[in-house]
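Next come the structures, one after another.
Okay, so chain A shows up in both of these, paired with chain B first and chain C after.
Presenting the complex of A and B:
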């Protein structure tokens, strides 16, 4: 419960009227005036809360390019801001903006805040951006959120970013070839375990095959 | 069955009978050949072609190896003069950046753009280049480690996802995106 408190506080602060908002020049000419004012108020709240604002600007600009209605853009930015707040709270202090953004996507995909905290704890010596992103991607491929989370946490101690990406790519390939997402995940988990048991050089070699990330 | 065997035997016997030839046949063939026009004298092109087609080179194995070595040296030298092709996937760029190659199939499109978190979702920021005369379009973008959502826009109206990338789950505007993740370790 205590992990959702900052997100709730963020929403309350963001909804407070009469706040002076800083100008974001990239929104000029891309959003209707009222939508721009509402988004800038949300950006100002995010800055005050110490959250990254770049993902919020990106979301607003995406909505503008897709010709979404103003209220829908504002709602999307507000929701993302709440996710960012929850992600930052789950990871704790000292994480980068990219990590917070990746964590927000993982939460949206169904991961729990406690799982993100655990991921950060295990990978305390390296960024969690890719691990959280792979968790999200696995859910997008059809792996249930709990199963995807368990897999990402199981790899967290030994996998490099490149190995996480190779792991996700292999599952994606197996699913494209007809395997069910969970079966593909199980097979690749076993393969990853074998590679790690075989030594770091072999694992890195397998992960460094030239492929698209 | 016996009737079929009888017919077959008769057919074989018929085919084995000698064919009577006209005694004057040889003379008439010789006359036809003599009446044909004389062949033209071969020109230089014809001679060159004949030389190329009919000439047989006999090379000792040691000279063949030497020729192959010279060819390799020349080939490697020429390769150094030709610029390398664009990367097919992710390659190292400036420190901290990786160049990601995006490719999409857009049949019939006259113009394709890449839009995403890395270019403010601006349609004219990253125009894609057509690959030869195909319906494939490509663009290379240097990126910092992180997770980026993106899509392709054909002719300003048709939104396309990347079939070679995971879909983005956080679709707030009814047009799906793809995701690219750049690692740092």
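Presenting the complex of A and C:
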């Protein structure tokens, strides 16, 4: 529901007739005319809503490079715009474009808007870009979204961005060794807890070092 | 210490059951991990009949950290009656694995082969289909292979050429084994090389085991080896060395039979997993953000990148060394989507990046710049 409402609102705004869409020069020559007009209407709606438009342009250009059909490109841009809106609403005011984009990826991966809001609340004094991206990574690695979200939130209070990245890297390594993503996550959560108990200074250094199997 | 093994085919001289148990202490070094001491216990049992061969093997590795790796594999082969020099074989081979008590992953492969034997030598060719289940992803595999064997000077020699496809990776391996017995000394050795690969690295692998039989049932043995990553079993590349004992209560250790365990285990599946075969992306750090991207891409003549930061226009990277390519780009902290293309092929995701459905019918990689 929390994701649905911003999406509906965004679509309604985007479909409002008579809107004069601003021209995005990078789309010229890359998209069919109708597709370009549809995308520019979405960009215009995003600007009106105060959303970052760069990710939307990038998504349209990505579709063009991959020779995707026009309707598929428009649908992808529209979905992303709705996710950006949901991400921005979840994170609240004062959030950067990079954070909004990372939050949108996490939502697309299966995180809930409430989880993003909780993440912002816990890490109120630092950017949430990396934490949200790691959440997305964990889901992509095969960790169920609920489990991944719980892990990222559990680390949110004490983990630095570098420790989040090391955490994610170690899980990927364990998965490569044969552990399932959930088991790897559990190990790394346990390791992280031990490191944090040992002190923040040790946690930062140790989390980046290779460990024994 | 490693566990790459299979059973395929044999023409047993006499039906027999054999069982062994290996206990060893050694050291392992996996790619991406620190070296570790490890204790292993490897029981195995096999039956060889005139028309059926079956085997099962377990392997328990306890690492210095207290974590463990448990593996089990089984194989069964059905043989047709000989028709002149020809004999057919249908076999199945599968296994399970669990690291540190986590959930189990598995793999399986079905094979069909035709053997042509002539005295103390023979050739075979065939193919197989299979797949694996690891975590939440399934991987399909297929293989075409041919090989030959011969007995000479008390040794069993084999050569195998295999072309395999695992997911979207194709590989061609050539390997050879030798097994010999001289008095109480027994040696098994395997040497192999990945001669050609598409979207995979080439490299050498091998292992050797030397045993001295102290009694008819107990041998002291040393083993060492180096192996590449294994897509079917989702294992990482590694090296090992170990020493221990082999207990063989009722095996026929000294006879080098026409087609023994080594001869039955020739076709190793391609041993580089797709994710390790892909180009590797290295972000050149700048404290905050990034100021350069290096791609390590073996066997490529042209490497192109298309990404959020190139407006999704393909940009060719500059070659800066053997297998290394560089793009000078300044990136602010954030999350970026990107794809790579080698030699004008399909857009792909370099190793180490999170892979996502790109919503355009393909995949895209996500990279986080801190």
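Following the convention adopted for this analysis, the second predicted complex is superposed on the first by the 200 of 213 C-alpha atoms of A that agree within 3 Å, B and C clash if a C-alpha of one lies under 4 Å from a C-alpha of the other, contacts with A are read in each partner's own complex, and residues count from 1 in each chain.
The working rule: a contact is a pair of C-beta atoms (placed from the backbone, for glycine too) under 8 Å apart; a residue touches a chain by one contact, two chains touch by 3 or more.
Everything numeric in this text was worked out from a predicted model, so none of it was measured.
Q: After the chain A overlay, clash or fit between chain B and chain C?
A: On the shared chain A, the partners clash.
Q: In the superposed arrangement, does A:158 touch chain B (first), chain C (second), both or neither?
A: neither
Q: Check the residue A:79 against both partner chains and state whether it touches chain B (first), chain C (second), both, or neither.
A: both
Q: Name the contact category of A:118: first (chain B only), second (chain C only), both, or neither.
A: neither
Q: Could you look at A:174 and tell me whether it touches chain B, chain C, both or neither (first, second, both, neither)?
A: second
Q: Applying the document's definition of touch, where does A:47 land relative to chain B and chain C: first, second, both, or neither?
A: Neither: A:47 stays clear of chain B and chain C.
Q: Just to be sure I read the superposition right, which of the two partners does A:182 touch: chain B = first, chain C = second, or both, or neither?
A: After superposition on chain A, A:182 lies in contact with chain C alone.
Q: Return first, second, both or neither, reflecting whether A:105 touches chain B, chain C, both chains, or no partner chain.
A: Once the two structures are laid over each other on A, A:105 reaches both partners.
Q: Take the contacts of chain A with chain B and those with chain C, and give the residues found in both.
A: The answer is residues 26, 55, 57-59, 61-66, 68, 72-73, 75-76, 79, 98, 101-102, 105, 108-109, 127, 129-130, 133-134, 136-137, 140-141, 161-162, 165, 172, 210-213 of chain A.
Q: What does chain A use to touch chain C in their complex?
A: For chain A paired with chain C, touching residues are 26, 54-55, 57-59, 61-66, 68, 72-73, 75-76, 79, 97-98, 101-102, 105, 108-109, 127, 129-130, 133-134, 136-137, 140-142, 161-162, 165, 172-184, 186-187, 210-213.
Q: In the complex of these two chains, what residues of chain A are touching chain B?
A: Residues 26, 55, 57-59, 61-66, 68, 72-73, 75-76, 79-80, 98, 101-102, 105, 108-109, 126-127, 129-130, 132-134, 136-137, 139-141, 160-162, 164-165, 168, 172, 210-213.
Q: Can you name the residues of chain B that touch chain A in the complex?
A: 88-90, 98, 100-101, 115, 117, 120-123, 144-147, 149, 159, 164-170, 172-175, 177, 179-185
Q: Over in the complex, which chain C residues touch chain A? Could you list them?
A: Chain C residues touching chain A: 28, 30, 32-36, 63-65, 67, 69, 97-103, 105, 134-137, 229, 233-236, 273, 275-276, 306, 308, 311-314, 332-335, 337, 347, 352, 354-356, 358-362, 364, 366, 368, 370.
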